[in-house]
Structure formats: structure tokens, C-alpha cells
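Below you will find the structure I want to go over with you.
When the chains are written out, they are named A, B, C and D in that same order, and each has its own residue count from 1.
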Amino acid sequence: RRLGRAHTWGLPALIIVTVFFTSWPLMIWAEPSSNTITAVENYWWWFLVTASTVGYGDFFPTTVGGHLVGVYVIIGGIVTLTTLFTRIAAAIDNAKGQRMKGQL
Amino acid sequence: RRLGRAHTWGLPALIIVTVFFTSWPLMIWAEPSSNTITAVENYWWWFLVTASTVGYGDFFPTTVGGHLVGVYVIIGGIVTLTTLFTRIAAAIDNAKGQRMKGQL
Amino acid sequence: RRLGRAHTWGLPALIIVTVFFTSWPLMIWAEPSSNTITAVENYWWWFLVTASTVGYGDFFPTTVGGHLVGVYVIIGGIVTLTTLFTRIAAAIDNAKGQRMKGQL
Amino acid sequence: RRLGRAHTWGLPALIIVTVFFTSWPLMIWAEPSSNTITAVENYWWWFLVTASTVGYGDFFPTTVGGHLVGVYVIIGGIVTLTTLFTRIAAAIDNAKGQRMKGQL
């Protein structure tokens, strides 16, 4: 059961990490160097803000190539981050249930 | 079962494609030519950013007519893209389950 | 069954209409007249863009009073519009199921 | 049953309040004083706009430290506010069901 639960978190987390590290070089290649979205301190922030669907608009791709990489991040990121957020919510619910039964 | 699964993806995908191709000429008609949202390289990007609820604000309609087209895209796009994203998440879960049983 | 289904759409729709028409005068009262968010052609657009969580940032409240009205719209609007979107998605799924059984 | 229901709302609400009050001083520490996001009248608004995934972009963190606090708010806020919104939607559904049985 523990293995199963670890596995449940594993695949979405693996996909999100893969989408992150494969989309970054593609975005660097697609966007002009004047777009600071690809800087090491900005890309992970843009990725999270996009995958969580917050979308502040402080960073976004501007070219057709960058938009295609954006599609990849939007599909790959939203699906997996939403899955992870659902898992966290379920873990909170579970902790709650166990506490009510005096197990926590 | 395979047919059923294909069908499951089919209707939301059909609706999203229909909303896309019917909303585009309407948006061209409604928005002034100064709004680059209707350009071929921008409209699909705005459509995806809206349907995924990311909403960067890099493109948006500005007229009453454009906002009415926006309502159509927001309702038609969000409902169907969320359905497709849920299907992808379920497919990932399913692949996970099959791998655990040694079938993948 | 038909009555029950109509009812299912009724309460969320009623709440969203109520939140819309009660929040509008409050927003007019709270925001300075320089903020065009309260104009008749803009308020419904801002309301939909907020309730759907797209949030382009083309319109938003700017005062503490306007932010309090925003809380009301965010809670009342998101909960009910998400419910309505879920109902539409279920109706699409249902139509799909019936078509497969040759009933549509 | 009433106790159980109160509990159901309690833990997500407790987490969201905790994330709010622990993230605020961290954000004040991380962001330059020129960013008005940390002002008492703005921080709760930014927090709600982020946790609800609306993300207008009227306020956002700008430094690496502020982005790290943003990660904390995005994860902690979205998971718990979505849970609370789901609870509200379920309560509306429940009220609806009881009214149909003539209990309300």
C-alpha cells in the first residue's frame, strides 16, 4: 500500500520534471534573448505560474515557436500539477480522517 | 471498449475544434484590425490560454462584440478543454495502474 | 427526473445572477468613477472573466472596498460557475452516452 | 455528523490561515519596499487572487525570494481554497437536495 501510494505521486511528478527540463532549452531556442522568461531565476517561476493556471502575465512567450513550447507546458504542466494538487488535497483529507479516528 | 474510449475523446475534441473555427471569423468581424488577437499566429494562442484559464492578458478582446465572442470561447473552450485534460489525467492513471500489474 | 435536472441548473444559476446584480451597485459605490470596470459594457465581462478564473487583468478593482466586492464575486462566482461548467460537461457526457445507445 | 462536517471545513481553513500569516512576513522580508504587494490592504487581495487562480497580475512578487514565497502560497493556497470551494458547492447541492425533500 505504501509503495502504491508513493507510485501515485511518482508518475505525475516525473512527467512535470520531464516537461520542465525539456521545455526550457526549447524555450531558450525559440524566444529572443531580450525575453527574460528563459533566465534561470524566471523560467521555473513562469512554469509554475502557468501550470497552476494562475497566469499573472509577468512573463509569457512572444514568438510562434515560444507559443508552441507554451502549448507543451500548458498541457503537460496543468494536467500533472492539477493531479499533484488533487493528491495533496486527498492526503489532507486522509490525515483528517485518521485524526478523527485517534490515529494521528 | 477501444471504440468507446475513442468516442470519449471525440466529442469534446470535436466541440473545441468547432468553437475554435466558428469563433475566429466572429472575432475578426467584432474586433478592430488594430487588435492583433485575430492574427493567424495569435488567435490559437489566445484561444488556448483562455480555454486553459491561464489568461496571461497578452491578448484579449476589447469591444462588446469581441467580449460576446469571448463568452462563447470561455464557456465552450473551458468546459471541453477541462474535459480533455481530465481524460489525459485518467489515461496517465490508467497507464500507471497497468504498469503496476506488469502489463506495460 | 426532468424537474430534478432543471432544479440542478437552477440554484447555481440563481446564485450567480444574484451575486452579479448585488455586486454591481456595490462595485459602483466602492470604485472611483475613473475605473471603467463598473460601466455596463465592462462589468459583466469582468464578472465572467473572474468567475471563470481566466483573469486577464484588463479590468480589476483598485480600492479596499472594491477588493471586498471582489472577494464576494470570486467566492460566489467561481463556486457557481464551476458548478454550471461541470453540469454542462456532464450533459455532454450524457448526450454522448445516449448517442452510443442509438437514442440520439 | 455536525461535528464531522465542522471538522471538514476546519483543516483546510486552518491551513489557509496559517499559509497566509506565515507567508506575509516572509514576503515583506523578500520583496523590496517599493513593491506594494506587502501592504496590509494589498497582501490579502493578492493572496486571494492567487489562491483562487484568477491571477489578474495587478500584484505579483518580483524577486527570487518573493517567487519562493509565491510557490508556498500557490501550493498551500490553491489546494486549500479549492477544497473550501468544493465544500461550498457540496453544501449548495445538499441544501438543494433537502429543499426538494421539503426539509428546507
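Here is the rule we go by: contacts are C-beta pairs under 8 Å (C-beta built on N, C-alpha and C of every residue); 3 or more make two chains touch, one makes a residue touch a chain.
What you see is a predicted model, and the numbers here were worked out from it, not measured in a lab.
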Cα superposition angle of chain A on its copy chain D, in degrees to the nearest 5: 90
Furthest chain, CA centroid comparison against chain D: B
Recurring contact interface, reference C-D, options A-D, B-D or A-C [over half identical by residue number]: A-D
Geometric centre distance via CA averages, chain B-chain A, whole Å: 19
Rounded Å distance, chain B centre to chain D centre (Cα mean): 27
For chain D, residues contacting two or more additional chains: 53-57
Contacting residues of chain A [partner chain B, same complex]: 4, 7-8, 11-12, 15, 50, 53-57, 60, 62, 64, 67, 70-71, 74-75, 78-80, 82-83
Contact footprint of chain B on chain C as seen in their complex: 41, 44-45, 48-49, 52-58, 85, 88-89, 92-93, 95-96, 100
Chain D-touching residues of chain B, taken from the complex the two chains share: 53, 55-57
